[in-house]
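Heads up, the thing below is written out as structure tokens.
When the chains are written out, they are named A, B and C in that same order, and each has its own residue count from 1.
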Amino acid sequence: MKVTLFIPCFIDLCYPSVGMSIVQILERLGHTIDYPEELTCCGQPAFNSGCWDEARDVAVRVVERLKDAETIVIASGSCGAMLKVFYIELFQGTAYEQKVQSVANKTFEFSDFLVTKLGVTDLGARFPARVTFHDGCHGLRELNLKEQPRTLLSHVRDLELLEMPEAETCCGFGGTFATKFPMISTAMGDGKCASAQETSAEYIVSNDSSCLMHLQGLLDRQGKPLKTIHLAEVLANS
Amino acid sequence: MSEREKILSRIREALTLSAAVPGHPQDHLLQVVSEEEAAQHIHEWLPAVGETLEDGLALFAKNSYELKTDFRLVDSEEDLLAQLAEMASGWKKIAIHRGELTDAVCGKLGLPVCITDEGYDASYLESCDVGITQCDCLVAQTGSVLVTARSAGGRALSVLPPHHIVLARRDQLLPDLPSAFALLEERYATNYPSFISLITGPSRTGDIERILVLGAHGPKQLTVLCI
Amino acid sequence: MTTHAQQFSSDADRTTRDLEQRAQIQSALRSYEVARDAHKSAFQDWEAARQTAAEIKWDAVNHLDQYLSEFAEKLQARGTQVHWASNAQQARDIILNIIRANNARSIIKSKVMTGEEIHINEALEKAGFEVVESDLGEFIVQLRREAPYHFVFPAMHLKRGEISELFSRELGTAPTDDPEELTMIARRVLREKYITADVGISGANFAIAETGMISITENEGNARLTCALPRVHIALLGIEKVLPKLRDLALFLPMLATAGAGQALTCYNSLYGGPRQPGESDGPEEFHVVLLDNNRTHLLADKEQRDALHCIRCGACLNVCPIYRNVGGHTYGTTYQGPIGSVITPHLRGLQDWKHLSNASSLCGACTQACPVKIDLHHHLLQNRRNAFTENPAWREKLTFKLFRLVMNQPRVYLFCVKLSRLIQPLHRFVDGTRLDPALGWTKTRKLPKIAPQTFKEFWQNRK
């Protein structure tokens, strides 16, 4: 299958190994990767800030480039929700409505693509550590990603998955919210880190690097040993 | 233009634009069936109730236990009187309304009786040890007692005294909430009482640190005697 | 002058530091969640029930003129006086006039959020009347002269010791640590008030169009006493409270109890369809229903957000909201706190003054998931942000996102920015987390992520 890869801006810039891991995994499964280098961002920061015109200008390029793709895999639940859910709202009543819907239909968040679309659950990975999984809210509630990442983790050798209390509670990132209301965002993040710590896990795993960026930032500032890692990096490990 | 007309015209103006029905179109329930049919389905979504009278009584008893309602099945009017007489040992005066069951037993307790149908003084009613009423029905699904101004002697009798006792017959037990509302419609549709209440357990509050306290403002005890 | 937005930020800053308070709120709401989940799972099909409830409310709100007229006519036919108030001032005047016409002196109130909305207590006290809240939580916050902390659990922020001290100070009672004794103190004080009050004021949870009745849901019995004993009963309710049929309650009552308080059914669900009728042994001589608009028609006119009028004020969205759980109820500065408050307050009280509440959300969607009538709450927060920006674009935001568009749509500009950032980043450590740090919003509590030595785009280039 020819898979068109959408790598969100912050993964490109700060967490490229997430993208590399996805490439490695998909190629190992025998798929061809098409990576549109001219695309960087889905437009969510503008959308979330109320600047829908600017968001639309960014989104139009994305839709135009992706409309002919066979299938699209996206490395983040949040950006996936943007393409699959919020674009529909953004382009409602415009000439792009149908194109947007067709892009949405063939877009998959990475773990969903593996489990639901390909039916792959065991990637032969090994990751000797205790981990807990953090559900990014957009992936969880907009895209119904709950079981997919857990199914994948359950097949990783030497990995112990520990569920944290209140796993479905938001970590407090929330895009621009994190800097507009840093005190609330931090209070929420502290709660999330405490829940994760309670499990005695060594890693917080998630399918959303944006949540992890926020949590890792907090953990680093507080000098805590808990680490964060993206699901794709765990699955690419052997 | 009156305020009524102003508000209604603002509403009509606003409603010239139509709004989408919530949920995904494929999930719409009432759009695909008539309202009457939909009403038939509601009981399928609410908590399950059994089929037989025994199931209903068992469920009512289980719910009563959880709600801290004192629910007792009695076999006969004599048994009913005996149970009441046992409870009455500390009572000084009681309040009731006229009714088949209340008339049959309450007079025999040998206590001063305040009958609300004949008019009453609120302070006197407040000082009664117990308010004894009948009801329209019992609801197994929720352990509730349905009362109205007509079936239970007005608005205050079942809430002002510190103990509310309900006298009911087994055939008054209904399985669920939809059947309780159907009963109301059937019994009163042409002329509803001005007061109807579904009573589910004794008065309670959790306003202080979410700790359950019974008897916040209404009765501390609720007893249901079912004959 | 401090704006509402500044007030919110400074209060949030303070409350998020109050770890003890946060722990208390969170543990209370966690215990609510356990109870709610148990009762939710007792439903044979909660999702179908939710969908049906949403559709019934859609029908009610989208035919509001018809149902409201029906409701009013049915009430009037049985001797109730129905009043219509376009705004808070009119509603206050109507209520004051009824009280004056009856030569009333003392007033007992059961919980009525629309009363908070129109500041009825202040108006009554200013006019020289004694007004007493009878719901235990409301009674406590009234003695403290503060607003409810939560529109369902008004005193959830207080510990028993604080309540004991309050009662000692205000009522002269002996201190006690026992919630039951504290409750009994309130019971004793209020019993006398019910019997002597001339007027009872209540709200309503639902207005049944078919039969012309208001429905009141409560646990304590205070509303029942308020509606039973005083000579005059006034019910104040928003025009959106309408339900078409009496039997709709068979669905809405258990859903309200489950979502709102984690109960199968609230203790008392009472219907009032008029003053005392012939042959009835008690009840008020006069029953007045005051229907309040107060900008609800403004919200009704917004077809995107009209479903916010479906709200049954169960409070489920507050209970699960991580923002509410961390900043608490008073920080909002609104009658209706939490996600529903953040959605509707801009419509009720002005978008520019209250848009900050829509920004103060991580858009996690827990509220939307919890709502028993499927209000699309977190999407409405996004729409409020859009509307606020379109109506009055802040220049800084405008500039930011024009630049954002330039960077994201021009690969070469993006590449330039990546290279520039790499050059600048080593310098950042000199200002990291200090006042000079341009990224202080992030770095005050968090480390910035490092820009990778090789971005994914560079990796892909090299690979080709």
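By our rule, a contact is a pair of C-beta atoms (placed from the backbone, for glycine too) under 8 Å apart; a residue touches a chain by one contact, two chains touch by 3 or more.
Note that the coordinates shown come from a computational prediction; the quantities given were computed from them, not determined experimentally.
J.: Touching both chain A and chain C: give me those chains, sorted by label.
T.: none
J.: Measuring from the mean of all protein Cα atoms shown, which chain centre lies nearest?
T.: Taking the mean of C-alpha atoms per chain, the most central one is C.
J.: Among the chains, which one keeps its Cα centre farthest from the Cα centre of chain C?
T.: A
J.: Suppose each chain is reduced to the average of its Cα coordinates; what separation in Å results between chain A and chain C?
T.: Each chain's C-alpha centroid was found; their separation is 32 Å.
J.: Just curious, how far off is chain B from chain A if you go by their C-alpha centres, in Å?
T.: The answer is 51 Å.
J.: With chain centres defined as C-alpha means, what is the inter-centre distance between chain B and chain C in Å?
T.: The answer is 28 Å.
J.: Of all residues in chain C, which touch chain A in the complex?
T.: Touching chain A: residues 9, 12-13, 16-17, 22, 26, 30, 322-323, 326-327, 359-366, 368-369, 379, 382, 385-390, 393, 397-398, 400-402, 404-405, 407-409, 411, 414, 418, 421, 433, 439, 441-442, 444-452, 454-461 of chain C.
J.: Provide the residue numbers of chain A that touch chain C in the complex, in ascending order.
T.: Interface residues on the chain A side: 7, 9-17, 19-20, 35, 37-38, 40-41, 43, 45-52, 54-55, 57-58, 61, 86, 89, 137-138, 141-142, 166, 168-170, 172-175, 177-189, 191, 213-214, 216-218, 220-221.
J.: Mind pulling up the chain C residues that touch chain B in the complex?
T.: Within the complex, chain C contacts chain B at residues 28, 31-32, 42-46, 48-49, 51-52, 54-56, 58-59, 62-65, 68-69, 72, 78, 83-86, 90, 134-137, 140, 153-156, 158-160, 163, 179-180, 182-184, 186-187, 190-191, 194-195, 211, 213, 219-222, 224-225, 227-229, 239, 245-247, 249-251, 253-254, 261, 264-277, 279-283, 287, 291, 293, 297, 300-301, 303-304, 306-307, 310, 373-376.
J.: Which residues of chain B touch chain C in their complex?
T.: 2-4, 6-8, 10-15, 17-23, 27-31, 38-39, 41-48, 63, 97, 116-120, 122-123, 126, 142-144, 149-150, 153-157, 159-160, 176-178, 180-182, 184-185, 192-211, 213, 215-219
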